[in-house]
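Order of writing sets the chain letters: A, B, C and D. Residues in each chain are counted from 1.
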Amino acid sequence: MTDNRPLRSDMGWSTPDKIVVKGFDLTKDLLGKIDLGAMAFLEITGRIPNAREADVFNALLVTLVEHGMTPHAIATRMVHMAAPEALQAAVAAGLCGVGTVFAGGSEQAARMLQAALKDKGADADLAALAEEIVADHRRRKVPVPGIGHPLHKPIDPRTPVLFAIAQRNGFRGRYIGLMEAVCASAERTFARSLPINATGAIGSILCELQFPWQICRGIAVISRAIGLVGHIAEEMRNPIAREIWDRTEHEVTRNATAGKD
Amino acid sequence: MTDNRPLRSDMGWSTPDKIVVKGFDLTKDLLGKIDLGAMAFLEITGRIPNAREADVFNALLVTLVEHGMTPHAIATRMVHMAAPEALQAAVAAGLCGVGTVFAGGSEQAARMLQAALKDKGADADLAALAEEIVADHRRRKVPVPGIGHPLHKPIDPRTPVLFAIAQRNGFRGRYIGLMEAVCASAERTFARSLPINATGAIGSILCELQFPWQICRGIAVISRAIGLVGHIAEEMRNPIAREIWDRTEHEVTRNATAGKD
Amino acid sequence: MTDNRPLRSDMGWSTPDKIVVKGFDLTKDLLGKIDLGAMAFLEITGRIPNAREADVFNALLVTLVEHGMTPHAIATRMVHMAAPEALQAAVAAGLCGVGTVFAGGSEQAARMLQAALKDKGADADLAALAEEIVADHRRRKVPVPGIGHPLHKPIDPRTPVLFAIAQRNGFRGRYIGLMEAVCASAERTFARSLPINATGAIGSILCELQFPWQICRGIAVISRAIGLVGHIAEEMRNPIAREIWDRTEHEVTRNATAGKD
Amino acid sequence: MTDNRPLRSDMGWSTPDKIVVKGFDLTKDLLGKIDLGAMAFLEITGRIPNAREADVFNALLVTLVEHGMTPHAIATRMVHMAAPEALQAAVAAGLCGVGTVFAGGSEQAARMLQAALKDKGADADLAALAEEIVADHRRRKVPVPGIGHPLHKPIDPRTPVLFAIAQRNGFRGRYIGLMEAVCASAERTFARSLPINATGAIGSILCELQFPWQICRGIAVISRAIGLVGHIAEEMRNPIAREIWDRTEHEVTRNATAGKD
């Protein structure tokens, strides 16, 4: 055992009369003093956000909580119907789908922006970087992260509000600038409306807050966990999972057996 | 299809220029105006909390975010090591363990309190109800929810702080009163220190906020989702999962093979 | 560290040239020599089943693999659509729903039978035990596990086939006998058709194989994992998740917005 | 609703007296007639395997069931300790980790082989293709899938056994040939022992069985689900999760608090 690496963590620890979380005394420094969004910031970054950071970060988290009857919400409701005694498993099931296609997009936007601005000085030519990014995605035939929306046209109504909240708090920097330049370049290149969507806005603001892109999906996971608990609360009052399931099973059975007898 | 029940939900919906969440315009009414804890309250109850409710509810949520190297945190870190590309699955794995033994206890406390005070008037005899509750649990040989803690003795430091936050906001009512009476009765009955623990405090305050007991585990799920994202963020900077795994596997192998060759 | 309890496990271990699983040499004793059902038996019980046990156990497992478009299958397909890069998370999501309402029923049947026959000799009066069981469930107003089916009437076609497979292999004992007596008693008591369903058949046969009831849900989990991988394979060839989601979201939005402008 | 796409699935459907799975009558054609491995083959491919295919496929599945105290097993045991009432959630938690780093490797090997042999005739030059593959991975500085093992040296003992089972059943074709050529080329290029490991063997044999690479991770998921149920069965008899957790938490707390008072 002599060659064991010691296990170190700064998340938290307890003694009989004290609970320490990220270096702060839970009962003296945190309870009743910071809100849940600020607490999430502390958990991820290791420090309590100032008021400006907390304002921006809460807004990002609030944005991603609820999007109506998403695939995640349907999955959670199905599992809740089948295992109502295990509420946590129903939330976990829906969260499993916070992936590359739905809800995980801010990760890709932040990754793109951080890669482009890595090692670049304050005088980086954002328009030129944006042209490169768009050309590269076009060449690889993959969509540019953070722009375009199937429903919200010509603009995604969340984007200007989030950017305004960032700006009023002093977080409108070059990541947002690059995201806007990417949008402009893509609209020229593809000759159609490709507004910055909510994931593009959130991804670029997370960069302004200095979050590494690798953790950005976690922001969506936190918000979505809240939303999925909300869906279970509604399902308890007004269940619809069984109706969705019944219709699906009946139609599949009808189509599979048609003309079989 | 004529006998389908219509699918109704009030969670949210969108049009090209508008996103509605629980009846509120996301961009006009919520973004930059409510914090994440208030948003969670809205998701679950359908209304925006007033400042007092938001203060209390945020404190409950903040309490449950982080408890150090819990079984959930270890599970999440193991899964993150094995599938780092699927951050959401690592959080989901840890959340699967928000069950009856760990982290789900406020559900049981709230259930006990709501069952006891159902159909009771404002003049209910809390001491007598508490005696009944404790006697019933003793008879069934099951622990009384919400009291006792293996580490935090003689009191759980979170409980007085949470009760003070509830009180300053006008939420110190008969559910907290009954929880305190249960604690007193149990300490007399079992003749040892059985302080109200954090789940007892949280369960009784959730009752004061009029949350049905069935959704209380969801509060722990929300907080723990944040905590588990925090553990992944630390694991990215300072991984310890591999060391825990290595030690476990080596010891098991050593013990299994001892004297086998 | 001196007071650590040693970590012991008999699951398996490896050396550079050898892999041992439950005491057997994987490459010499198992590969190409036992089928997957027998391997599952070994994993759970610690010994290789004889041919009769393997025949019965494979049949139980095969029964539970596929039930068409269940809530679990819908959950898995939703998650696969949202996070196609994480196939394992989609299976995990569906498995989260192997609970008390769907797919977990054999656990409850086995528990009932094992509780009733505990400490009973070979001459136990099955009819009298069955009467007690049915009367007790009636009194508590909870359904008797293992009997009745919404679709399969007057009998569940799987039950006689599974019982025949058990019988031809020498596993038709008093647990099956008690299950049949419970069925007969319940049909008399409630004066309607309440056939032994597949979970009742499987639960009672698992008792004959001496599986403790606590692990019975695991049998359903194994089978369902296979079924859910099958659903993903079909979803890859012929996706239907998006259509289910689209219809649900559109109807919910239509109903929520009706008369709102 | 007129533009709905019909929901079609061939997984299965039921009538009161009949259950159909993938076109077969469950009770007449499958129960007692095919083993669990053959059933998994049917679920994924849509047809019952012949005896040779079933022999090979069962061997692949059996290989992946148990690997001792893996990260997945630890995650499952942690969740089982915290939520013992939800066995399915504990298995789901472990399965979430069948990802790119552990247990998901056969997907990458199969993908590599299928990409290389796509559109190639029976006379493809395997040695030349292997050189290209190795050179390409070397250039991109990523490991070649399916070769090398930290413990099993100079060979992985599972590989020759699996290849022999494939050969005796007539499934030793050009995918296995290419995998062997890749191994030879990599050992020359990197001048060290890089044996075909179990995931390389399994990935190439799955190609011989004509499984698309996209579903290969599902094979590992099926096997691992069985293994994780086995770990829970052992944990029920001989729990070790609490000891692992205790040691971890105590060491982390000790290291975090050292010198803090």
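The rule is simple: a residue touches a chain if its C-beta (ideal position, glycine included) is under 8 Å from a C-beta of that chain, and two chains touch if they have at least 3 such contacts.
Note that the structure is a prediction, hence the values are computed from the model and not measured.
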item	value
Between the pairs A-B and A-C, the one where more C-beta pairs touch	A-B
Maximum centroid distance from subunit C, chain identifier (CA atoms)	A
Rounded Å distance between subunit A and subunit D, as computed from the means of their C-alpha atoms	30
Distance between the centres, which are taken as Cα means, of subunit B and subunit A, whole angstrom	22
Centre distance in Å when subunit A and subunit C are each reduced to the mean of their C-alpha atoms	36
In subunit C, residues with contacts to at least two other chains	1, 7-10, 13-15, 68-69, 83, 85-86, 88-89, 92-93, 96-99, 104, 244, 248, 252-253
Subunit B partner contacts - residues on subunit A that touch it in the complex	1, 4-5, 7-19, 21-22, 26-27, 30-32, 34-40, 43-45, 54-55, 58-59, 61-63, 65-69, 73, 86-89, 91-93, 95-99, 104, 151-153, 155, 157-158, 161-162, 165, 212, 214-215, 217-223, 225-227, 229-234, 236, 238, 240, 243-244, 247
Contact set on subunit C toward subunit A in their complex	1, 68-72, 74-76, 78-79, 81-86, 89-90, 92-94, 96-104, 241, 244-245, 248-249, 252-253
Of all residues in subunit D, those that touch subunit A in their complex	6-10, 13-15, 20, 83, 85-86, 88-89, 92-93, 96, 248, 251-253, 255-257
